[in-house]
Every structure is written in structure tokens, then in C-alpha cells.
Amino acid sequence: MTEWQTLKLHEEAHVLTITLNRPQQKNAMNQLMVNELRQLFENLAERRDLFAVILRGQDGNFCAGGDIKDMSYDPETGSELQQKNLVKANRNFGYLLQAVNNCRLTVIGILEGAVLGGGFGLCCVTDLALAHEQAQFGLPETSLGLIPAQIAPFVTLRIGLTQTRRLALLGMRFSGQEAKELGLVHGTFTDEKDLDVQLEAILKKLRKCAPGANAVTKKLLLQVVNPDLDAVLDQAAEEFAQALMGPEGVEGRRAFMEKRSADWMKL
Amino acid sequence: MTEWQTLKLHEEAHVLTITLNRPQQKNAMNQLMVNELRQLFENLAERRDLFAVILRGQDGNFCAGGDIKDMSYDPETGSELQQKNLVKANRNFGYLLQAVNNCRLTVIGILEGAVLGGGFGLCCVTDLALAHEQAQFGLPETSLGLIPAQIAPFVTLRIGLTQTRRLALLGMRFSGQEAKELGLVHGTFTDEKDLDVQLEAILKKLRKCAPGANAVTKKLLLQVVNPDLDAVLDQAAEEFAQALMGPEGVEGRRAFMEKRSADWMKL
Amino acid sequence: MTEWQTLKLHEEAHVLTITLNRPQQKNAMNQLMVNELRQLFENLAERRDLFAVILRGQDGNFCAGGDIKDMSYDPETGSELQQKNLVKANRNFGYLLQAVNNCRLTVIGILEGAVLGGGFGLCCVTDLALAHEQAQFGLPETSLGLIPAQIAPFVTLRIGLTQTRRLALLGMRFSGQEAKELGLVHGTFTDEKDLDVQLEAILKKLRKCAPGANAVTKKLLLQVVNPDLDAVLDQAAEEFAQALMGPEGVEGRRAFMEKRSADWMKL
């Protein structure tokens, strides 16, 4: 049996709840968490005894994005191997998003607290998403000189080009309520009790639907609108590494550390 | 001149009204109705003297979906021919949806009462749709162990992946008012008088637009977003037959007949 | 240095404002304006010192569409060369829309007064659009026997097929407020003062985002949903010329000049 270091699992009445479990880091995803989540979702294909997967975060935050520690790079000492690893790690997160999106089970996301960057990306591949009214959604990448490389394609498929270009290019931050208005999530909740009532109603509906038929239906829906993203995501990973290693990435991280505004026009 | 057995036609002032006419069955579509509708829409390509087609149902229901009688199959006695016919009949309904979607005339749908399954599909291929506030929309397929095979792709093209995955995977039922909020229909009406006023305003606008230019414009719009659905719909018809003949389909029909909940996890 | 005959340019604090400047014609685009705009946007690729481009119109109108003078054609005297020029001019406008859509800078549109036809098209390729509540949006093409050839594909990519088929086939006119509800624009403003406050907030957000990272992000978003439109727009230009030269186009222009309703069914 697998021991998970970054996840907590709970199974009850044919529903598996996965909890991202690095609460000290607002459940920011390090490489280990990405690998564990990916392995877990890829194995779920075999689980014919489940109706649904619930994905949430420990202690009031969903997920604050990628772990900033994995994104360090010093242009003066950085090696070619380090560059390759940046590309690989970024693409690996995209593989996780693809695995969740294509999971044959119905995936329900509970979005609270921080829903940033990669956490925002995970929200975009759920079948049903409920956000706390005051959850904090955001795509902060370009304000750090980085790009939402693996994430932006799934945001675009989630809410369309028109809203995505605004959100991504202005580095917008917004609430769960606005996430509902933008169509990122399907509903909002005010507290844990309200959430429980809504989840119960959703699971009641879901249990009436044949799980095999649901899996085939989900595959069918994805076929209609999902372009083949592999080439786009491969290239995006290269561009992510370029941005991180380039002058904007360096200035972005420096300004962040020094708690000052980045000065893009001096570059 | 064609005699229609399942449809009523009325033509006035360059507008053709088609009424689905099996009111005892809430205008559920049997094979004959699908064939008649398909023939009718394919012939409309020649009708340069019309501004619009109105599609509605007799006696307060739009259409309750496919006729359950066409979906019987006994796994113990079912023949290979019967299997082939299930695939063929399912795909035939998809050809009808494609014909309505691609009709060179502007198609206006009036959605009242039951708008279920295949009726829901027809709603998704109209150019302009008005729903009674209390119309009952739903995709009940997976709750019967079946899949919305020919329908789901058109729902996805109508309202996008994000809302479709929720509606289809939870077997949602909802009102005309919610259909408006989801973007399935363009407006709602409260009664026949309100509908008449709205229809008159719409037809007034439509008569100002050159019908030939409108036909070319419609073709252009469809080119931009419509993927080639033939391969998807062909495969979906096979999967529909598999679902109907498989254990979930059998249990789903049995539970429906016995007025009990299906027990999917025992299968 | 380029002298612009149809445009006014103003640059301040790394933001370039482009003003369409044919106010007597409600900034309707003649061939010269299309050429100047296209040249300007194609050159912007080199401008690494800008955060944003603001696109607006002089004296309270955004843009009333194409110049009707460029669309004259007498079927009895029209030459083959004239036909070819109609195709070319129409397609040229599509190249402009593609250049604005693909501009590496963030493009902000201010939509006031007339936002018709080609002006409507320009709105659809901005990254962020603010409309005056009472701006007048419309796609009047088919009411003139013409088609929104280069425009309709971008409307479809902007707000989806479902709303576009209604707007385009009914030749709808609607306010800035409704444009917001349809998702054509991201916000509305009530007067110039309100606009200034909103613009300032937007530019403040934008200045925090690295311009190079934003350019790469924008390219990434467009890759996901933008089909290759060249073939569609090429064909649409041919169909535009056919419509303009055909009986509906002739009747449409005649009715417009004679201030009467066109009689499409007599053709």
C-alpha cells in the first residue's frame, strides 16, 4: 500500500477525498506532491468502485501554486542540467492537469483560501467546482516575470479566450464570488455547513448516474472541445524555463524577495 | 406531396412552423419521427422563399427524448442484427441534429414542458431559442445506464465544456429560467401571449435581413467553431449501443420499470 | 517618421493611445485607415518599451464600420478588376483584425457611440474592452444584403457560437450594457471621468506584469483556441464580394439609399 507524504486520503461510501497536505505552505505543490498526485490520479482509472473524487486542501487553503523553492535559478551558476530540469518539472505539472482532466471518475473541487497559479490550474480541470465566497483566486505568474505555462491553456478551455486574456494579462486577483460569475466554478458556499449540504445534494444526484456511463460520457465531452494540448504544453514548458532564467524572471524574483515593485522598463 | 405522420406543418408569411405531433408520448421521437424530421430539414435547402423555421411541440411539451420502446434489448435473445440496428438508429438521430444545425434557414425553437434527452439535443441546434420559464430541461441518460451519445457533443458546442460536464455527469434537471442563465436558450416567456409578442419582434428583425446573406453568414459561423463531428458521432453511436446492451443499461431499464433506484455498485 | 492621415497617436508613460480620426464619418474605416492601422499594428511588434495600446475613436464614436463608398458596385458596368479589388479590400480588413488580435502588446479598447460592423470586429480582438453603457453595437451587414465576412469569425471566437448566431442572423443592435452581458466587453463606464478611474486601475495592474512574459502568455492563449482562420477568411472575402455584387446586395444598397425596406422575397 502506498504511503503518501503530501496527501491525505479518506474513502467513504464510494467517494474518495484527496486532501493536499502541506498546510504550512498553503498546500503549495512541490515536485513530490505533483508526483504523488499524478500517480494517484493515473491509478484511479482502475477504481470501478468509486462514484467520485473530492479534491481539496488542508486547513482552509486549496493550493497556493507551485513551490517558489523549485523555481530558483542563478543565471551565473545555472547548468544545462538545471535548465532541463526546469522544463521537465514544469511539463510534469501539465501531465498532472491532463490526468485530472481525463480522470474517468467525476472530480469535485472544493476551493477555499488560496487558489493561485497551479492551484487555479487544478480548479480548471474539475468536473464540478464549489468555491468559498471569499476564496482568493489569482494568476500571479507574469507579475513575477514568469508565465502560466501549463495553466493558461486549461483556463482558456475552462472560461474561454475573452475572459482568460484579461485575467492572465492583468495578473488579476478575485474572489470565489467573481469566480462563479466568470464560470470558473459552478457554485459558492459560505461555510463548512453550507458546503456539506451542497455536497450531499451533489453526491445524491451523482449516485443515481451509472458510473460506467458517466465515464464514457465524460470522455465524449472532452473529445469535442479538447484540442491535442501535448504540443502546446511541451512548448510552454520550454518558454516557462526561458522566462524563469531570463532577465524578467530574475528581476521578478529579486523584486519579490526585496518586497519592491519590479522595474520592467529598465531591463 | 408528402403526408407527415408525426409532424404538423403550417406556413404563413414566409415562415414555416413544424410541430412535433405525438402529444400522447410528450412528442418523444420514435424512428419514424426522426426520419420525417430529417427528410423535412434536408429538403428545406431548396426553400428560398422562407425567412425562418419555427420548431415546437404539440400540446405544451417540446419533446421528451427518444422513445423508450426503441431502446429495448434482451441480452439473452438479442441478435447481431438488433445490435447493428441500435447503432444505426442512434447515429440517425445525430444526422438529424446535424441537418438542423446546418439548415440554411434560421431555426427558432420554442421550448415548453418536457425538453429531455433528444429534445434537449434539438434545442442545442437552433439559431434562436425561447423557453417557457417553467420548461423542464434534463439529460437523464446516465441515470438509465445510457449515454447522451449524439446529444452531448451539441450541448458542449452550445454552452461549453465547463457547464456541460456538470449537467451531463449529474443527470441535472432544471427550469427554462436556468436554461437561460446557462446560455442554452436566448430568452424566456411566461405564457403564449408573451411568446407571440416576442416572436413577432424576432420575425420583424429577421425579415429585414437578406435570406441569402443570412444563409452564407450562418455557414461561416459554423465553420469557425464546429469541429468535424462525424467521427465522434459514429463512435458515440457504437458506445450508446454498448451501454444499452451492457449491465448498466439492463439494470437501468429494470430499475426504471420497477420504480426503484438502480444499484450500480452491485454490478 | 510616419505621418498618419486617419489616425492620431499619443504616447505617455509607456502607453500608446491610437485614435481613429475621421469623426465626420463616425470614424468609418476607408481603405486608407485600414492600411494605416495595419501598418501601425504590424510595426508594434518591435516596441519593447510599451505596456499597452489603447484603441479608441475621435469625438464620441468608436467606429461606424466600413466606408459605404468603398462598397459601391454597378453590376452593369462593374469590371473583373473591380471585383478582384472588392475581394482584396475585404480580406485586407481581416488581416488587420488578425494583426490586432496577435499584437504582442496588451490592447485595450474604449467603445463609445457607434460600434458597428468593422468597428464591432475591432472590439472583438482587444484584450480588454470597456464600453460606454449607451454605446450602440450592431452587425447591420445582412440587412444591407451583405455578410459580416471578416468579422463574424472573430465574434464567434469572442462570445461563442450560440450568441453569435442570434446576433448575426437577426442583425441585432444593442447597448454597451448588453455587450457586457453578452461577454463582448469586460466592463462598462458612464462618462469620461469614470473611464479615467477605471483605466488608471487597469494600467496599474498591467504595469506590475512583465511585458515580455505577457507577450508569451498572450501567444499561448491564442494557440489554444484560435483555429487557423486564413482559409475561412479567404473564402469569406470571396463570398462578401459575391453578396455585394449579387441581387441582394444591389437591392440592399438601393433600399438604403431610397430609405425604404428591402423587398428580399421579390428577388
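Per-chain numbering from 1; labels A, B and C assigned in written order.
We adopt the following convention: a contact is a pair of C-beta atoms (placed from the backbone, for glycine too) under 8 Å apart; a residue touches a chain by one contact, two chains touch by 3 or more.
All figures in this text were calculated on a predicted structure; none of them were measured in a lab.
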Validating interface symmetry: for the copies chain A and chain B, is the fraction of residue numbers used by both over half? Same or different. different
So chain B and chain C are the same sequence; what rotation in degrees superposes their CA atoms, nearest 5? 120
Taking each chain's centre as the mean position of its Cα atoms, how many Å separate chain A from chain B? 35
Enumerate the residues of chain C that touch no fewer than two other chains. 157, 160
Of chain A, residues touching chain C in the complex: 141-149, 152-153, 156-157, 160-166, 168-172, 227, 229, 232, 236, 239, 243, 246, 248-249, 251-252, 261-262, 264-265
Hey, which residues of chain A end up touching chain B in the complex? 14, 49, 106, 127-128, 157-160, 183-184, 186, 202, 205-214, 216-218, 220-226
